């Protein structure tokens, strides 16, 4: 751990290494250690975009990367060396304040269940798009160990772009959050291509060589992915065959003499083919190229338990729950072989502005949720946080003396587009949309087999299943009073939200 | 780790926090940091019991908690800070003696495979019962990593009591060790209730809202549970919906304005219903309430691979093995879908007084055994303990030079009611009942699919399956002599035990 | 970690303990702490062999053990205390040189994917054979965590020898790499015996009491095993019932009075039977004994998805791929219930001298390969090594700035008989045979279900599945030029190798 004291020096060294590496790799946009210079150059690159919308997106991405880099330099970057503490510090400004205040702040930020922009890493980037990957869940907290082998990634690609063919050492479930594209999977014996549209869900089996286009000429393509690594738990990498210098082709890792023999071709031809690509992973395609790759099958509902390998569209099914306050669409493992093998479900919730979803809990599934549109907040009841086994030194005392049962910490966090949050199995949660916009959320359910939703309010809420004696004994009041509280709501799952002052308004009772 | 030096101070602080917390929670019985005062008050609480048997049980629990608390204060509480050593110190008196003596003592105590009263934590307690949870197996030793995601809990409830509805983020297999109860499972669409009696085995799926009554008017209900967490490996929590201050209701974690909106009810009504309960998790019910909840279906043998979700009674089946020296009853995954999904088996062994079970080993299953009645001891042959990879620094030398094969450490431990022990797959074991009482053991078998018992003595012992050449070569004596030793016993599994002086008597040969 | 400073003293102590232990165990060949003396005595033991070939094998094993012991004493033995660094130092001579040079050297040695003689431990040894066990994969590197629960072992036994009956707390898949034997499995209700020949693959279920003979009168028996522990992840032990002092019988772990009672036999008889064996685990058998145990069923192709539990012979099937440059034989989980339960595949590649296999990658399976004959080398493209999450402190900087996509580290290592290497899912690899000898490799495929091989050169290589637009965009050159490179090879998987100077010859382009 003496390493930590040497960090500034190490940083300097790494910056130097980085400069050399950048030059060596021909990475024109990254030729200086200063974040300001990088920002300037990144922004200049954006000027090459003809369309204004694309220029704006590009500028936004430059700024995000700049801000993140600055944060890291400001001490935040040390977090990776502190992982052994179980939970990292996400907001450096808390340091020095009182412990208790800090903890309450943390839960208000949704920690450790909520992930924001700064928890993503830009893994790939060109001027036409990027792939962002969420940190490993266990980097955040040991409490998320149960979903260690799942990763979240978000792909954004400009109109009329091509994502270079590659394969991952991970299973992929993708959800199309915006735009329309075409995905092609090259298998040993054939190629299959499918058009993708908003709401499509599709599995890319691990190791499949796959490529994508954004076939819209004016709209971004945004794809949310859940990845399940097959080789090293929690880690995955992309393998690019087509490529050159950027993306590097994996063919270039082999000695030329071996490639010559394997391909039965002369060295100069090989070097030419493997030496041209320098435009990166996400590149502009011509209208003709887009057109040639665009005519493909569309996704639909998988019939009869699903033999098809193509996309299924969430919205082509009847909603599981729907009223004026919101709708829930789902595909679960029992409906689809591709998801069954991974024991995953995928859902989409649209909460009407000013409305709310829940309270409810999932019996078995842990939910990884990504906000794709709108704003709002959630509240979740969390016994693990206030309890024993993740609290460090306080454990023994606490656990031995706290014999009156678990207590529930409220985790509350604001939600906005791009945020990720985790709802562990069994945890009651309420999600609220802001008053001016619908809140849209896509969910991946881990351990979805045999999962059931237990509603805690509304017409079919589980309290209504209790015998009157159980109500009396459980709540300590006459059953009639319990019924008055739990039988007054006639909707299910989605309800009219709390009044205007919801955000920071009334204090908790 | 400088934390350790500050433990006394921390202890003081926590004690203070505890006092405030106790007062705040209205936990009348816990209003002082002194164990003696707590004991006194606990015992006073017991006087409220009318029935003498209940008073006795209550007093015993007070004393156990008192003793445990004293132990913790006496330095034992530090064990949680020492977990990184792989194996904790269980008996502080050993410190300062020679290493070797200590190790031999440890194995005599059955370490790390045996768990006693001090390895349990009282997770919930009222004057009418309690729930005790065994420590995580990996807290004891890394050698138990294979069963990390299983936990053991024991529920004791006084006659005519009610356990408040709750759900766990864990699968539960329960075994009724004493008394008779009724279990009710509230699902989203219905409620199912089953009467429980001695020997019943039942699965409660993760997340099911469940409640229990002890419907006897004079007998305690004792239920042994195996839990398999579904969210965070090795960790589970109870979620109480009905409740108030004690148990806390998870509804109370939500802002009032959200509850008002979700339940469509006024704040004052909600606060009243969620504010009354202060009696804890296990509470006395009236005779009428018990009667109203008691008329339910009984468990039986699950027919045809078991579609029913109710209890199966171990004793309604024919015993797997039975003679005058003991009986073994079992349900395995092939007989029952509910167990198959969890790859678990459940068994019950009754060893007649003065008799013994084994030697035998399980081919695949690791057994978690709980003594439900009687006394005795076991001996187990353990190569992992005497071998390499868990021994720390000695490893390389040992492993490279010990080329003559593994050696077997004898683990020997006294058994009495309430003790838990682990028998890993492949490990030969003999269990002996005391001369004055039958020894009863309930077993949960992890990885039960395709498991086979290999008998090492008795009529069908596996040595008799060897060819005579294999016997000669293996033992290095004529096959006839091998047969004389291995063909003299006509019983199977259960045998007449060793002579009177078994306990501490004759030295090992 | 202050332990490390005390290592020399500890070593001395252990040497002393070892001397006493050796004497106590009657291990005649190991009665001195000096490696030289041990070597001398080991070699003297070899003189007892009548046949010259056996004498030679015995001498070779003595020398290997001597060399390894010397290495350990020379500081190498410390590696076990350094495991927490994630990757151990395998070549002590590197210390003190520049980091970068070291890293490049390491990858040339195939680190962390390649294992040589020094990564094996001789777990059992007699003058007639030995069992060597490869270190745990996670001891080498955290990057191999995905295969943590697999172990590799190699058994060598002289002609006409017997391996004493034992069971493991692990599933075993064995492959017969040399010679012919007979395996017998003693189950609770029966014994099954099968003759084994070159190419046989067979599963021994965990916990089965099993014994083997080498029934050849002039050839060694060599068996390669993949083990999957069922009790403690990554750890297994052998349990010997027949035996005495060496191998120790597990019966000896029990008190005599318990054995007397269980076996219903007098103490003196038991002690005689359990006290004679001192010859170790692998012992010479007489011609009559061998003959009596040799007449058994032979392995074949498992018909119809495989109900038989006996061996299947890889070579009795049609080769998956075959041309003049090599052949590939495989059994995969879909063909065989025994392998399906373990999700394993087994393959055998024979690369003709001067030829090569690949480039290709496996979509899901991670391959554990053991060289059984010949020499050569491999090259593999490894993104995980050059990337973020296993590199320690450099991580955050690297990951946040390397936005141009992954880079591929070339791992290159010489191969020779007895070496083990790991090919993770998705990683492109080329394997080349030397010019003077075929290279034979047996492979165990972990996660074999739904695995597909993706060829990266040859007639059906996956680049040929891309649309011409995808080729153009991906490589940044006209599709025609891509085709010229990827359509010039007419063979599949096995190709004519690179020219003579392959080994250390031409520099990488």
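Think of it as A, B and C in the order they're written, each chain with its own count starting at 1.
We adopt the following convention: a contact is a pair of C-beta atoms (placed from the backbone, for glycine too) under 8 Å apart; a residue touches a chain by one contact, two chains touch by 3 or more.
Just so it is clear, the structure is predicted and the values come from calculations on it, not from any experiment.
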Subunit A turns onto subunit B (C-alpha superposition, degrees, nearest 5) by 120
Look at both sides of the subunit B and subunit C contact and report whether the same residue positions are involved, with over half shared, or different ones. different
Go ahead and note the Å separation of the Cα centroids belonging to subunit B and subunit C. 39
Residue numbers in subunit A touching two or more further chains are none
For subunit A, which residues are in contact with subunit B within the complex? 143-146, 356, 358-359, 361-364, 366, 379-384, 387, 389-390, 393-401, 403-410, 412, 424-428, 430, 432, 447, 450-458, 460, 462-463, 465-467, 469-477, 481-482, 484-486, 488-490, 495-499, 501-502, 505-506, 508-509
If you look only at subunit A, which of its residues touch subunit C in the complex? 3, 7, 10-11, 14-15, 18, 25, 27, 30, 68-69, 72, 77, 79-81, 121-125, 130, 136, 162, 164-165, 167-169, 184, 186-191, 205-209, 211, 229-233, 235, 237-244, 246-265, 267, 269-274, 276-281, 283, 285, 289, 292-293, 341
